Each structure stands twice: as C-alpha cells, then as structure tokens.
C-alpha cells in the first residue's frame, strides 16, 4: 500500500476517535477500513453499553458499516486508541477474518508511525466460514 | 411522526435488506434509525459470522453507524426482515435503550403497514446507564 | 413457588456474588436458576473481559451452565447485584426466553425481599425460535 | 501434561458434546478446562440462541462455569466438534486469554489424537487487561 493511502488511513482513524462513545471504559478507539477498490474509507468508533457485553468495538463498527454499504472485501484496516497503539480484540479479529483472509492491519501510534500485521498473523489457525460447510 | 417521514423510513428499511450478509441464517434483516433532527436516516443490515456470537444485528449496525457519525439521539427506528414483520432481539433493545428512552420502534410489514412500540414497552424495567452510577 | 424454595433461591444468589469477576465495572452480579424439577439450583456470576463485549453476565453464566448439565427447562431465575436490586439486561432476557416463555424472574433486594416479573413482562413481543421456522 | 490427564480431558470433551444446544448451526461443540490444580475438570457445550449473537460457545461456557466455581487459573483447555477438529473462535480466545497467558489448547480429533497450541500462538499480540491499566 502506498504512503499516501496509509496517511489517509491514519487521518481517518484519528478523526474517528472523536465519535467514540465510551463512558464506561473511558478508552476511546477509532478504526477505519479501506475497501478493496483502494479508494473507499469507512471508519468507526467504539460504542459501549451499560450492559458491557452489548458494546461494539470500533473495528466492528467500521466493518459492519462498510458491509451495510455493499462492501465485503477490504485491503486494510487501521486502528488506534486515544491512549496509543492498540491491537484488535479477539471478537474483532473474528469479524475481520470473516471477510478477508489477507487484509493488512495497521496498528498506528499517535505520531502516525505504525506496525502492520496480517489477519493470518493475528488470528492463526482460525475458525471460519469453511468450518461450517 | 408524519406520514412522509414514516414512508421514507420504510423505504430505507426496505433498501437496507439488500446489504444483509446472512449466509448462516438466510434471514435478512434491515433497519434504519431516524436521528432527532428529523432529517437524517441511517440504515443497517445484519452482518453474520461463522462464530455466530460475533454477528451483529441490523438494528445495532444502524445505531453504531449513526453514533460513529456523531448522532446519539434518535426519534425512531424501523425494522423488517425479508420474511416479514420482526421485532428487535434483546441485545438490540439494550443498545437502543442506551441512547433513547423514548424512541419509537416501527415494526414494518412488507406492504408498508406497521405497528409502533416504544422502547419502554419493548424493554420495560430496563437495566441502563443509571444503574452503574 | 413456595417460601422455602424462594429462600433457597435467594441464598444461592447471594453466595454466587462471591464468584463475580468484575475488575472493570466493579459491579458484581449473582444469579441462580431453579430447574423445572423444583430441586436443582444452578448459579452463576458475571465474568467480565478486557474486551468488554466478550464478558458474560451472571444470568447467562447460570443458564449456559445449567444447559451444559442437561437442563433446558426452568421454573425461576433469581438475580441481585452487590449494590442491590438489578434487572437482567436485554441480552440475558433473550437467553432466558430461548428456554422458557413462562419462567419467573425474582429481582431480589439485599434483605431477601423481592419483586417477580415473568419473562413475558420483561421481553414482550419477543424475537425467538419460532421466528426462524 | 501427562498422558492420563490428556485422556481424561478428552473423555470430558467427548461427553460434553451431548449437552450442546445447537438447533441453528447443527454444529455441536464440546470443551473442557483443566484447572491449575491439575485435578478439576469443568466442561461446557455451545448454547445457541435464535438471536445468533446471544449464543455462547462451548469454550466460554466451560470457562465462565469454572470462574463461577471460584477457579481463575487454568492449565489446559480441550475442544472438539461433532464433525471433528475445531479451533476456538476469536471471542473464545479473548476469554481464555483473560485468565491465562500460558494455557495449552488441545485441539482433539474424534480418535483422541490431538494438536496443542498455546493461547499466545492462537491470539498473538493480544489485547488484554494490561491495556486498560
């Protein structure tokens, strides 16, 4: 992925932090997916709930939002918390993996530097759609 | 809510069905929230997962999407499945209630007729943010 | 349900509070189901997670534990938090309703007094197994 | 872990399959944790729900059950489906990791042979309790 796309991904992730609803954890997370067209960015923030289990993480908000816009294939997903670098939780890895086995995950730092991991690295030997066929 | 708004809500719910990702249940659900400005419609569809528990219902996709756009107060939520009338599950009622104690839920039939329920009717004596204060 | 059974239900709910794992909310909840044989009590406590959405409430721990012991029909479910009376969240109402449409929910106070609600009262016009047939 | 413990773990996993409630996926999964005392086995099965997202996997039933019995440290977790070998989904990896960073996961085949993975292998670079401190 070229530098310009990565910078735009980072900008989306940063701005999505403003939309976090996290009165319980006070831990804001922003995420953004880049669709496989290499042009469409869809971002999300964590949306918590008084019943903690009903909350939805930023990554899943971004992905389900993209799916509800007709996108099901993604090139990259970026994520960051307002406290700094963060990796997706297991639930989000499971949701990412449903749609893409080769997506790159960008773990951003507040200064825009990052580390990349493939979903195969973050959820190896995964349980997925094939297991139910 | 006036007739025109209700009709537009129904149109959004209907079109959102096309975006359902439901390979496991084959039960497509579409939902749409109308924000408290009385103008902004945000729709969603159910996004399932091979690990069933990681799936997100249409209502929650619509609401978390709206929150990630800076909306936290809603007038109405409409919902319908491709099989006909459907009511929100308990998880979705919990998420709706986090943001609005007086939102109207429109349970649409395929012909556009509907029944309305308040969230207080669908989740009476609810557990909510106040319980954690 | 006779007084003795209710007292025993309350005792189980109270003791289950000790097993709560709630480092994030600091809100301990205990629950207990009484199986339809009128003899078997199965209790649970809330088990939270750093990824809030992966946590499981006390009521669901009690019910899934009972199911994993071969029980699928219940007479009553009692619940209480260490802060006092609490009602089940929407997720738990959905799980209760899967197994019983006429179960009584006992909302206990710390002194053993209580209020009862049926699941039909707590999750009216519910989405359930019949909707998928 | 010695051969006898592994065999007993397998026997528990096998018998837990009988308690699966999986009318939607028809995919029964059984799991069992061995607590750190090396003696206490706690098993669970998947408990599905008409609202798919409200279902709980076998691994999480076993772990939350163990926690509600006062156990929070585990040596091993075994899992198998009625169709054969299966790996834990991302949600369950997240729940396992909350309690143990060095637990061994036994992925059993129906004949009792198995492969082991550490949770660090299955959920590398994980999000966990430390991230919220």
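So that you can tell them apart, the chains are marked A, B, C and D in the order they are listed, and the count of residues begins at 1 in each.
Please note the rule applied: a contact is a pair of C-beta atoms (placed from the backbone, for glycine too) under 8 Å apart; a residue touches a chain by one contact, two chains touch by 3 or more.
Quick caveat: nothing in here was measured; it's all calculated off a predicted structure.
A.B. asks: Among A-D, B-C or C-D, where does the A-B interface recur, judging by over half of the contact pairs matching in residue number?
C.D. replies: C-D
A.B. asks: How many angstrom lie between the centres of subunit C and subunit D, each centre taken as the mean Cα position?
C.D. replies: The mean C-alpha positions of subunit C and subunit D differ by 23 Å.
A.B. asks: Roughly how many whole angstrom separate the Cα centroids of subunit A and subunit D?
C.D. replies: Measuring from centre to centre gives 26 Å for this pair.
A.B. asks: On a C-alpha centroid basis, what's the spacing between subunit B and subunit D, in Å?
C.D. replies: Between these chains, centre-to-centre, one finds 34 Å.
A.B. asks: At least two other chains touched by the same residue of subunit C: list those residues.
C.D. replies: Subunit C, residues with two or more chain partners: 24-25, 50-51, 54, 56, 89-91, 94-95, 127, 131-132.
A.B. asks: Chain contact topology under the given definition, line, ring, star, complete or other?
C.D. replies: Basically all the chains touch each other, so complete.
A.B. asks: Looking at the complex, which residues from subunit D come into contact with subunit A?
C.D. replies: Residue list for subunit D touching subunit A: 25, 27, 86-95, 97, 117, 121-127, 131-132.
A.B. asks: Taking the touch rule as given, give the residues of subunit C at its contact with subunit A in the complex, in rising order.
C.D. replies: Against subunit A, subunit C makes touches at 24-25, 48, 50-57, 89-91.
A.B. asks: Please name which positions on subunit B make contact with subunit A in the complex.
C.D. replies: Within the complex, subunit B touches subunit A at residues 16, 18-19, 21, 23-24, 43-45, 47, 49-51, 54, 56, 60-65, 67-70, 72, 91, 94-95, 98, 127-129, 131-132.
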